[in-house]
Each structure stands twice: as structure tokens, then as C-alpha cells.
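Below are the C-alpha cells for one structure; questions will follow.
Letters are used for the chains, namely A, B, C, D, E, F, G, H, I and J, taken in the order the chains are written, and counting of residues starts over at 1 for each.
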Amino acid sequence: MSAALRDMLETFANQFPQRDYTIEIVCPEFTSVCPKTGQPDFGKLTITYVPDQRCVELKSLKLYLQQYRNEGIFYEHVTNRILDDLAAVLQPRQLRLAAAFSPRGGITTTVTAQYQRAQ
Amino acid sequence: MSAALRDMLETFANQFPQRDYTIEIVCPEFTSVCPKTGQPDFGKLTITYVPDQRCVELKSLKLYLQQYRNEGIFYEHVTNRILDDLAAVLQPRQLRLAAAFSPRGGITTTVTAQYQRAQ
Amino acid sequence: MSAALRDMLETFANQFPQRDYTIEIVCPEFTSVCPKTGQPDFGKLTITYVPDQRCVELKSLKLYLQQYRNEGIFYEHVTNRILDDLAAVLQPRQLRLAAAFSPRGGITTTVTAQYQRAQ
Amino acid sequence: MSAALRDMLETFANQFPQRDYTIEIVCPEFTSVCPKTGQPDFGKLTITYVPDQRCVELKSLKLYLQQYRNEGIFYEHVTNRILDDLAAVLQPRQLRLAAAFSPRGGITTTVTAQYQRAQ
Amino acid sequence: MSAALRDMLETFANQFPQRDYTIEIVCPEFTSVCPKTGQPDFGKLTITYVPDQRCVELKSLKLYLQQYRNEGIFYEHVTNRILDDLAAVLQPRQLRLAAAFSPRGGITTTVTAQYQRAQ
Amino acid sequence: MSAALRDMLETFANQFPQRDYTIEIVCPEFTSVCPKTGQPDFGKLTITYVPDQRCVELKSLKLYLQQYRNEGIFYEHVTNRILDDLAAVLQPRQLRLAAAFSPRGGITTTVTAQYQRAQ
Amino acid sequence: MSAALRDMLETFANQFPQRDYTIEIVCPEFTSVCPKTGQPDFGKLTITYVPDQRCVELKSLKLYLQQYRNEGIFYEHVTNRILDDLAAVLQPRQLRLAAAFSPRGGITTTVTAQYQRAQ
Amino acid sequence: MSAALRDMLETFANQFPQRDYTIEIVCPEFTSVCPKTGQPDFGKLTITYVPDQRCVELKSLKLYLQQYRNEGIFYEHVTNRILDDLAAVLQPRQLRLAAAFSPRGGITTTVTAQYQRAQ
Amino acid sequence: MSAALRDMLETFANQFPQRDYTIEIVCPEFTSVCPKTGQPDFGKLTITYVPDQRCVELKSLKLYLQQYRNEGIFYEHVTNRILDDLAAVLQPRQLRLAAAFSPRGGITTTVTAQYQRAQ
Amino acid sequence: MSAALRDMLETFANQFPQRDYTIEIVCPEFTSVCPKTGQPDFGKLTITYVPDQRCVELKSLKLYLQQYRNEGIFYEHVTNRILDDLAAVLQPRQLRLAAAFSPRGGITTTVTAQYQRAQ
């Protein structure tokens, strides 16, 4: 499903490419499904990036994230996959994704990954 | 409209130019209009700068920011434009603007930009 | 769908029916779908009841609430329907449901309903 | 302007009129203009009501409140006027409006008014 | 000094006298002087009243409170005196004043007084 | 096991029986075992009572509560059983126990029971 | 020691005896010694009273409370004894003392007592 | 007991070994027993690691940590032993464990240890 | 007035000059007067310094700061002037002053200055 | 008194000397006496150290700190003296002590000192 999913992310031209600046986007309403138990997972995503030529359009990001609602996927995978998709469409100067999931069995997990732009 | 707008920002002489010191100004009552939906946006601006020869006069800053009240403008643009206007009138040693906007569609955005003084 | 849904709620015998005591259950991971926009809604349910002969089994309650995940239903309706279902299977001495939904368009809504036992 | 303004408030039928239940709506993004100084005021409105035959539609409420954006009006008046408008279109069993305004001159004001239904 | 002081409090006509409603005014910047030690005291005043025919004008209230800045007066007296002055000019249906003072010698004091309208 | 367990609770004479006063004891380190899954449960107990002739000795209360550490017992039962044991040894004028358990499966439960002294 | 101790509490005349008003005094720096273990105890006292003819002078209250610094005394006793001493010197219309002690062995205790004026 | 204990920790293959990313796991329900007093200790463990080829499976981690429930062990030892066990089964790029224990005798202790991978 | 004012600051000998250590002093009760409007300003000063041969005596600092109570002075000036006075009497190894002022016109300002010791 | 006092601090062998790890100990119940006024001072000590061959035993630390209960000593001195005593008995790799004292005269002081191990 991943190629089609990535295509949902729309971008617009960054009008200040001569300046390094940061955009932080917090999405506290992320939900997917645990592939092992079939139970829903809930998490808060924090996306932080320095745009190059493109910025992500927020409504398309919201619709993109909603596609995980009934998807069975592990914490580590979903974090890295969203990072890959954003990196592919934005080609940003920097990009970081922190995904903080709700407690399960008394244990809380946060996965944080960073995109390393090829120099 | 930008040239006239910038002229609203009044400054006064920094009486301690021999010392690097920091002035942080927090404006939690910023509001503008989304150019796409026509709906009002709300945000909190945090301006942090090291003055050189001039400091910004607070009342003129307040009146300047109120000019965005009925202006249709995107998050990224308004942040960079205010940064540019402040940099132009202050010629500061350092300047940083963080604009944290209220949640829309369950998503919260903060844009942070820094002015790089020509060496 | 409601009859089948209600059947998912399992109960067990209250072993202390001679005493009025209160059970409060907080479910911060409730999600349904807005019937108008098709967008997901998120909410925190707080169920407070005084049991009579039956208590609700928590795992069945969790599975019952998950059935609303892809259901299109308004705030006011979902609150009253869950109240009705719990009242039907528990026949409690008292029952109250508060449903606090995430902000939409800068506006936050909480619906609170109480079951009135026939005397 | 008031009659036209009130007409912006849309309602829908309460499907549970046989039960007294409470709807609380919090609007933290209210803004109007001080009639004396011309400066913008900011406030958080909390509307709490027990519906009778009608509920207020949230999007129309948002658009209604936005009409005050450039209106010059005192704290006490705006609170009582919104209360009157909501009471007129909802004819609720109970209705209460608390309007908490941002500090001005180091002083913070909250106005709270309640609608008394004729018995 | 009290008569002249009271005259500083300006009022305006309550436009909604047919309705009982509440106005709460919080003044976190109150300061006076301890008559015993000559040291400044700091406090937060919370005024809550139900207006009858008059409301207090906020700017005049601010100027009135500033008159205590260099006045030597005890906690209990200042609280009761401000209550008396407000009661005299407002003739309110209800009036309550809570004055919470900063810690002195590891001890924090709050004085709360209520005006009882003659029936 | 209950009789022996109750005997662990030591008491001492209330020296102020002529006055009704309240003792609140908060125990945030309660743990027992879920009888269904064998998994440990964690909770915070709040005991509030008005003593008559006896007060509970705190060290014996701590040791008594530790006996539940490896005991398989449901939320509702453990709350009511501790209430019964405390009521039996204290014969208090009033007694209330609130047991707030850690989230399981995204759901948090608090059980609150009150002892009704025979008149 | 109690008679001498009580004599340390100085009072001054209440200048507003015609009005019922409340004085709340918070003392977060109370410390005494556990008579059983010899270990220091720490607590926060909250005294709330409605004065009749006398108010307690704060500095004398501070010195009075410091006398418990090296005194071995139980939670329940110290609370009731301070209440008795304050009642004796103030003869107040109402008086309440809440003493919240620091955790010991993972358990936190608050004792709250109220003075009942003879009618 | 340590060898058998370590075997309880299950791992799964890291699917993104080409990227350095961080997994933080918070376990607020850790409990063991003080070897000196026999009294239970309570703590919150925060595990932060950068995986290499393996990630720890969360349910096995939970069961592993529960084995300390009735084990007599000092704060410093338990922290270092869990660090050693996780390092042995994960061979991570980085690993850090912070163990924050509940107050005892008015004193709170946090032990933080870091695994240094052989270069 | 400044020379006389500076003389109010008393110092005592640092008994540990062989060690670099930090003293942080927080003064939340600073107040001066706006030279433009004549209105009082309120602020919280945080002084952080590494002493060399002298430490500032706290009571003299308090009396020194009270001299600004009726002084008309701008935020930027008062911050730099207090910094200069402290630097002159302490000759510290390091010194930093942060002055956070209360909101005015919805805008909050913090001025932070650092003393650079001549090498 | 200092030599005898230092002898109260007991230590035990660090079982993990091959690893640099941190132990943080928070003591919120420290109290001593002001040598100038004779009034009690209250503070929170935070001790952070990297052990070498010895760790401090917590009960002996508690008893050691209690010896300051009736000792007249200045903030700066007590902080440096406790640091010296801990450094002498632990010979740690790193050691830091932060002592945050309760407000006096509206002013709060924190003293932070670090032990520099001879290389």
C-alpha cells in the first residue's frame, strides 16, 4: 500500500528557501492497530523539519495519517515509514519524527527517528 | 501592503550598546485569517533579540501586529514576514521568531525562524 | 446495529449489593467518525455508576467501545446511546456518562448525561 | 445588527428530549474590540446548557461568534447579548455563559450570566 | 484619607439590571506597606460581585488600588476597607473580596470578606 | 485468609473522642495481582475516617496492605474487603475508601466505598 | 508545657467584629519529632478562622509553632492541641485546622479538626 | 538467578538497521524488595536505546521486570543488572537506564547508568 | 541617584573563594514605575552569580531593590543598571540578571543581561 | 563539630566501579537555623554524584543531615560544608550539591557547588 499512501502527501513551494527555518507539527490524534493483538494503538506524532524547496500541506498530512487508522503495524515500523514518506516528498534539509504511544500493560513507548540528508 | 506596515514599527536608541543582552517579547494575542478558508487563525509569537543600536517600542509593535487581524496569510509567510520587518528596522545582532498556532483539524503548528546578520 | 452492539457488554455479579459504592471508569481512547465530514472524532469517556446486581466486565467494555471506531455518529447521540446500553445491561442504582471530545474548529464540546432509574 | 446576527445560529432537533443532559461548549478563540480604546479584546467563552427541543449546530456557532471580531462592545454587554441570542434560538431548560477575558492593565475580568427560563 | 479615596471609584450604568449575573475581577498586582515594619506587602485581590444598578469602571478601579502603594495598612483592614468602598459606590446585590498576600516569615495569609446587603 | 489478615491491623486509643475530626491516609504504593491474568495491579488507596474510640496505627496498616502483594483479587473485592477490615477494627464514626488503579488496556478504574455505621 | 506555650500566642483587637469574615493562614514549614522513632516530621498547617473580638498576631504564631521543633508528639495530638490553643486565645466564631504531613514509609497523612463554639 | 532471568528477554529483528533511531520505554510499575528491611520498593524505569540488529519485545520485558517483584536487591545493583541484561541480549548502539525510586525516610533516589559499547 | 543607591548594597566575605560555585537569588516582588505612563510595573528578577571575594547580603539587596518602587525607569535600563551596581560591589567571576515583567497590553517582556568580567 | 559530623556518613562498596554511573539523592526536608536571626531555615538538597569505590548509605546520610537541625549556619557555608564532607568520605569521580532554600523576605536563594577531583 505504501506507494499510493505516499502520493496522498501534497506539498507547496517554500517561499523562503534562502533561510533555514523550522516547522514543527504536532498530531495528537494518531491511531493504528497492533498487528499482533488486533487492538487499536494511540499516539502523538511530532514532526520537526527544515524545509528546502517544499513544505507539506497540512490537510493532506491529516488525510495521509488517517490511512493508518485500520492498518496493522508495529510502533517501530510506522515511525520509520512515515519518516521515509515525508523525506521522499519533502526532500527536507532536516527532518525528525517522534512518536509517543499510549501505555500498554503499564509500559509507554516513544520512538524517535531522524532523516539524514545525503551530503 | 508590507512597506507601509513596516513603517509602523517605532524604535528607540539602545542605551547599552556596549553589552550584548537579550530582550524576549511574548505576544499571545496574535490573530490573522487563513487565506484558504477565510477562517481566523490564532497564535502566540515569541520574539527574542539582541539589540544593536535600536530597540523596538512595545506599543508600536502591538499596533503593527494588529494589522494582521483581517489579513489572509499562511503560517510560514507571516512568520518570515514579521521576522523580515523586525530585522529591517532593528538591524539587531541576533533575532529569532517562534510562532505557535492554535490546533486546526487536530494538528498544531509552530514555525521558528532566525535572522542571520551579514558578517 | 444497536441490539447486537449492546450484547457485547458482559457483566458479572456484584458481590457487595448490600452496600452503595461507586465505580468510575475512564476511557481516554474513544474514537468515532463525524457523520457530516467523515473525519474521525476523539474523546475521553468517564463512566460513573453505583452497581445494583451486576458490574460491567472491563475487557468487554473496551471491545464494545471499539465498535464505534468506524461508525458515523454525532456527539450527543453517541453519548446517549452508550448511556442507554450500559443502563440496559447493568440496571444500576445510578449511572452518569461524561464524554469530552477533542477541539474542532477551535471549539471543544463535552456532553454529560445521567440515567434516572425508575422508582 | 443583533437580529441578523442571531439568525446565523442554526439548530438541530434534540433526539433525547425525554432526558435532561448537559452540553458544555468551550470557545477559547473569542475576540472583539474595546469600544473605548479601539483595541482588540480576547476571551474564552464557556457555554453550558440543558437542551429542550433544539441543540445548537457548532459550525454556525463558530461563524456567529466570528461576527464580533471587529465589533466594538463592552465585556458585560457581549456576555449578556450572546446569552440572549442563544436563549432565543434554543429555548433551553438551562443555559449559562462564562466569558473570561485576557488581562488588561494587570486586571483580569470574567463575566458569568445565567438564563432563567420562565416557569 | 478614605472619603477622597472612595471618590476615585467610577461606575457606569448596568444595562442588564433585570438579570442576576456575576462579574469577577482579579488584580494580581496589589501592593501596600506593612505599618509595623515599613516593608512592602504584595497581594492578589479577587473581587466578585452581582451588580444592581451600577458596575465599577476598571481603569478607575486600577487607579484607586494604586493609592495603597505607599499606604501603611494591615491585611485585615485593607481587605475590609476596599470591600466597604466598593459596597458604597456599587450598592451591589452581592459582593465578596478575597485578598491573598505573599508569604512573610514562611507564612501565607488570605483574608476573605463578604458584603451583606441590608434586606 | 481474611480473619488472620484483619488481625494485623493494630489500633491505639483516640485521645480526642469528644471531637469529630478527620484522618486522611494516602497509600500510593498498593499492589495486588489480577486473578484472571496473573498480572500485577497497581493502585493508590485513600482512606478517610472520623475516629470514634480507636485510630489505626500506620505501620501495621502498611504491613497489612503489603499482604495483598501476591494475592489474586478483583478491584471491587479488594476495595470492599479493606473497607470491611478497617470498619471492624476501628468502629469509626465515618469511613470512606477510594482505590484508584493504574490504566489497563487504556482504561482506568476507581472504586469508592463508604461504611455506613449502624445508628 | 502547654500552658506556657499557649501564652506565646499574642492577639490584637478585630476592628470589624460586626462582619463575619475569614482569615486563612498557611504554614508550610511546620516540623516536630516522632515520639516513637525520634525522627523529625514535617507538615503544612492550614488554619482557617472567622474572628470574633481577637485576631492572632502572625509573628507570635510563628514563634509558637517553632516550639514544636524538638517536641516529640503524634500527628493526631499536635493537630488537636494547636486547635485547642488557638480556640482558647481567639474564642473565634469558627476555626478549622488541617495538618498535612510528609510521606513516611510510602504513606501520607492529613488530620483535619474543627472547633465547635458553644452556642 | 541472573542467567535464567536474562533468557526471559525476547527480541525481534530491527527492520531499519541502516538508520540510528531511538526507542524510549517507560515502566512506572517497577517493584522489588529492600534486602535490608524486607520492605517493598517502588520505582519508575526509563530505558532509552538505539537498536542495532535487535529490538526488545515489550511483553517479554514486562514479564522479565515482574521477576524482581519479590527479589531482595539494592537500588544501585538492580539498575546495573537490568542494564547488563538488556545490553547482553540487544547489543545496542547506545543504551541508558534511569531508575527513579519512591521516597523513603523523606529521601528520593534516582540511579542512571549508561552502557558503553566496545568500539 | 545611582551612586547613593549602589552604596546600599552590602557584601560579606566569600569563605570558599577557592571554589567556583553559583548563587541564584529570585526576587518576585520587584516593582517600579513606567516613565511614560506613570503606571506601576511589576517584575520577577533572577540574579545568578559566581562569587569571587564578596557575596551580596540579602537584606541589603531587598532594601536596595525597594528604592525602585517609586522610580520612573524603562525595562531595559533598570535591568542594565541593577546589573552594573551588582557587578561594581561584587566584582563577581560571573553575573547574570533576568528581569521578567508582567504583561502590558497583552505583551510580556523579559530582559536578560550578562556581566563580562575583564580578563 | 565538623570532624565528628563527617564520621556519621557511612559508605558501602560500589559493586560497579568499572562503569561511570550517576546517583541523584533529593532531600526535601533539610532544616537549619539562621545564625543572625535565630529563625529556622528550610531547604531542599539535591546531591548528584558519580561513585568511584564507595557509595553513601542513605540512612546515615539522613541522620547526618538531621544534625544541622539546631545548628546556626549561613546558606553558602552549609552548602559548601556538606559538599566537603561528602567529597571526603566518597572520593567520588564527580559530585554536585544544589541547596534551594525557602523564601525569606520575598527572596528565594539556591546555592550550587561542584567538587573538582584532583586529576
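The rule is short, and it goes like this: a contact is a pair of C-beta atoms (placed from the backbone, for glycine too) under 8 Å apart; a residue touches a chain by one contact, two chains touch by 3 or more.
Keep in mind the model is a prediction, meaning the values are calculated, not measured.
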Equivalent interface to B-I, taken from D-I, A-F or I-J so that over half of the residue contact pairs match: I-J
Whole-Å gap separating chain A and chain G, where each centre is the average of the chain's CA atoms: 57
Intercentroid distance (Cα basis), chain D paired with chain B, Å: 32
For chain C paired with chain H, centre-to-centre distance based on mean C-alpha positions, whole Å: 38
Intercentroid distance (Cα basis), chain G paired with chain B, Å: 53
Contacts with 2+ other chains: residues of chain A: 28-29, 39, 42, 102, 104-106
Which chain pairs touch, all of them: A-B, A-C, A-F, A-H, B-C, B-D, B-I, C-D, C-F, D-E, D-I, E-G, E-I, E-J, F-G, F-H, G-H, G-J, H-J, I-J
Of chain B, residues touching chain I in the complex: 14-16, 19-29, 55, 58-59, 61-62
For the chain F and chain A complex, residues of the former touching the latter: 39, 42, 102-106
Interfacial residue positions of chain E with respect to chain G in the complex: 76-77, 79-80, 104-114, 116
Residue numbers on chain A that touch chain C, as the complex places them: 28-29, 31, 39-40, 42, 66, 69-70, 102
